[in-house]
Amino acid sequence: MSMNRRQFLKLASASTILGVGAASVINNISNGSLEAAQIHPDPRALKAKRWGFVVDVSKLTTDEDYQKCIDACHDIHNVPNNPNPRHEVKWIWKDTYEHTFPNTAEDKIMNRELQEKNFLLFCNHCQNPACVRVCPTKATFKRESDGIVMQDMHRCIGCRFCMAACPFGARSFNYTDPRPNIKVENKEFPTRMIGVVEKCTACYERLAVGKQPACAEKSNGAIVFGDLEDPNSEVRKLITEKYTIRRKPELGTQPSIYYVIGGGEHA
Amino acid sequence: MLEKALSGSNRYWAWIFFLLAVIGIGCIAYMKQLNEGLGITGLSRDVSWGLYIGQFTFLVGVAASAVMLVIPYYLHDFKKFSKIVILGEFLAVSAVIMCVLFIMADMGQPMRVANILLHPTPGSIVFWDVVVLNGYLLLNIVIGWTTLGADRKGVKPPDWVKPLIYLSVPWAVSIHTVTAFLYAGIPGRHFWLTAVMAARFLASAFSGGPALLILLALLVRKFSKFDPGAEAIQAVGKIVTYAMFANVFLLGLEFFTAFYSNIPGHMHPFLYLYTGIDGHTKLVPFMWISSILAVVSLAILVFPHLRRNENILAFACAILFISLWIDKGFGLIIGGFVPNMFEGITEYWPTLLETLITIGVWAMGFLVLTVLYKVAIAVREEDAAVEH
Amino acid sequence: MYNTGKIIAGLVVFFILATLPFLLNLGKANAKIEPSIDTPEINAMPKKHCVEPKAFMRSEHMQLLNNWRDQVVRNGNRIYVGSDGNEYPISLQNTCMKCHANKKKFCDKCHNYMAVKPYCWGCHIAPKENEA
């Protein structure tokens, strides 16, 4: 068989590409199954079909009540305190009624107290999350086991599509290096790096070892955390007993945070 | 054929080195962004996409517009486009390259961008945009290069290229439709959540892209012996006119729905862009300039006798292009983010570094365009010499 | 033959340039790269052991860490059962670096030698060490 130089080069390059490609595929497959049998969850882990929160704002009265929950989260998760407001990073924060429920804020003669009330906002861990739908790398995904909308900061490419898609403004992007703006580092938890998106992860690292989310733990009962699919859970009881509202329910994302507005007797 | 780009006049080389210098400045600015993060841009937590994504969106339209030449020439056998069609295909190539560069410039972690292919996610529109854009780039390089090569040898293009040309027609529509879907499927961004988004994108693409092409064709004729054809330019002028009317009509539909329905969330972005909200008026002058230029360009283009004067045509095309650039390359993206998800207002304005990077990418696109056009022109000049 | 002198001179220059790194290091002992495991935590162990045998860790730690990462972040599995039957919590910061608290002499030593720059430490906090 004779072959000219052109044909030889074509064949050689094609087989190189195929060879390298096939080798990497085979490698990946074998790595994926490397220790599957040797890994399991912590037996202490809290389990649920779909985690959710009930936030009773009537139990949050002073600024300190809010700040305790915010600090509890931001301190353990190494959330930076960026001086430039445009580059703000926040997992949980306080905001006004008007900002929390913008579509109902047109009413000028509504209850003054409610209008002036502040709310605690964080990721809604939606049942149909828009952020997950748009993510091109599955860096943000909904955990099948318990419905938490997770953020894999290792995989995020920083396209910020999730930020455009989230109707609740729950996501922050690291426009700058977060490290210099973290006052005290929690050595048990990573920070983030430039160019990735971050948000509340429902304290998945605490749930895994049997602890409640940090904000719920520090809230004196204002934030109740539990299984929305379990009819006997405390969150379900509160939702059936009291009048609750969710942010932007009309968008169909099915947020998992329910807000209780009034106190006991008005509910 | 590429060797033809290596010989040229002093003016040609001066232009090439000028572009290289601008690219160099852009690269230096980009190095800073790579090291310090996107914090060097004017972007924020509230306005998380800006100039880069705006340029990307606009240029996808420029790329798609090549189809406005391909359809008449290849599907309707409109012979007058025989010479100009290659300019459209090569414009598409350089526009798609710019699109890819703008996307890369916008990434927070550009080194990880291969994750899109390592973890393919068909539910994400970005995945499909990557597929269709790269496919379109490949189609246009192959089609343009093959047909030009055949032309040079004075033979008919090979048969296998015909199906690719037919494929490129729906493919061009797909790139801009998919790009519109990036925006039009997002719940909670009222400004983007509109079914006519893709139609609007196509209309603006089919006016803006060909308008640029007319300007380029006039330049090519001025600086070389290659004449794309006065009648071809006039025909493209007609396409620009019709498409621009469609575009303005579709924009009008958006206004009607927003304001007649009186739904605050739908009205606010328009109010922000055209009147400002609570004293936040950064974009207002630009949006009005865009509107005025659109009206003026249409007022010129609609009269055939004005259009037939190539100087006036060039002027109309230039202001039309600027108008669409502001509207789609800027207003459309920012309007989606203002007001934010809490009905608060954070304004956006690009920084100097961001602008330099943007100009650098444009220079890169023009460099590719110059080289490709140089090859095409050289081949055509050769043909012309042989014929005589 | 044309330009014989220039070609031969060019070849000599090329040969020297291409072999320069080898020539410069000729005769020098190649420093042996041995990551240090001299930390208080490891020294206090009755029987020194990692989650897997040393040979495996040396060649496969990147695959192991990659796998650990996905298991924790994506599947919620936090316990690793080593081939010695012991259970270890999966955590770079809280398991690996608790023992290997000497990142500079452990991780960096080989990584610098191999000129690889894993971006683990962009996010994960390295243990505090005294500059040595």
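Which chain is which? They are A, B and C, in the order written, and residues in each are numbered from 1.
Operating definition for what follows: a contact is a pair of C-beta atoms (placed from the backbone, for glycine too) under 8 Å apart; a residue touches a chain by one contact, two chains touch by 3 or more.
Computed from a predicted structure; not experimentally measured.
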item	value
Topology of the chain contact graph, where touching chains are joined (line, ring, star, complete, other)	line
Busiest interface, counted in C-beta pairs	A-B
Separation of mean Cα positions, chain B and chain A [Å, integer]	36
Approximate Å spacing (C-alpha centroids) for the pair chain A, chain C	33
Between chain C and chain B, distance of the C-alpha-averaged centres to the nearest whole Å	47
Residues of chain B whose C-beta touches two or more other chains	none
For chain A, residues contacting two or more additional chains	194
Of all residues in chain C, those that touch chain A in their complex	63-64, 66-67, 69, 71, 73-83, 89-90, 93-94, 119, 122-125, 127
In the complex, chain A residues that touch chain B	84-89, 95, 98-100, 102-103, 105-106, 130, 133-139, 155-161, 163-169, 172-177, 194-197, 248, 251-253
Parts of chain A lying in touch with chain C, wherever the complex brings them together	31-32, 34-35, 38-42, 45, 78, 141, 143, 145, 150, 152-154, 185, 187-194, 204, 208-209
Chain B residues within the chain A interface of the complex	36-39, 41, 43-46, 48-49, 106-110, 112-113, 115-116, 118-119, 121, 123-127, 130, 182, 185-189, 264-265, 336-337, 340-344, 346
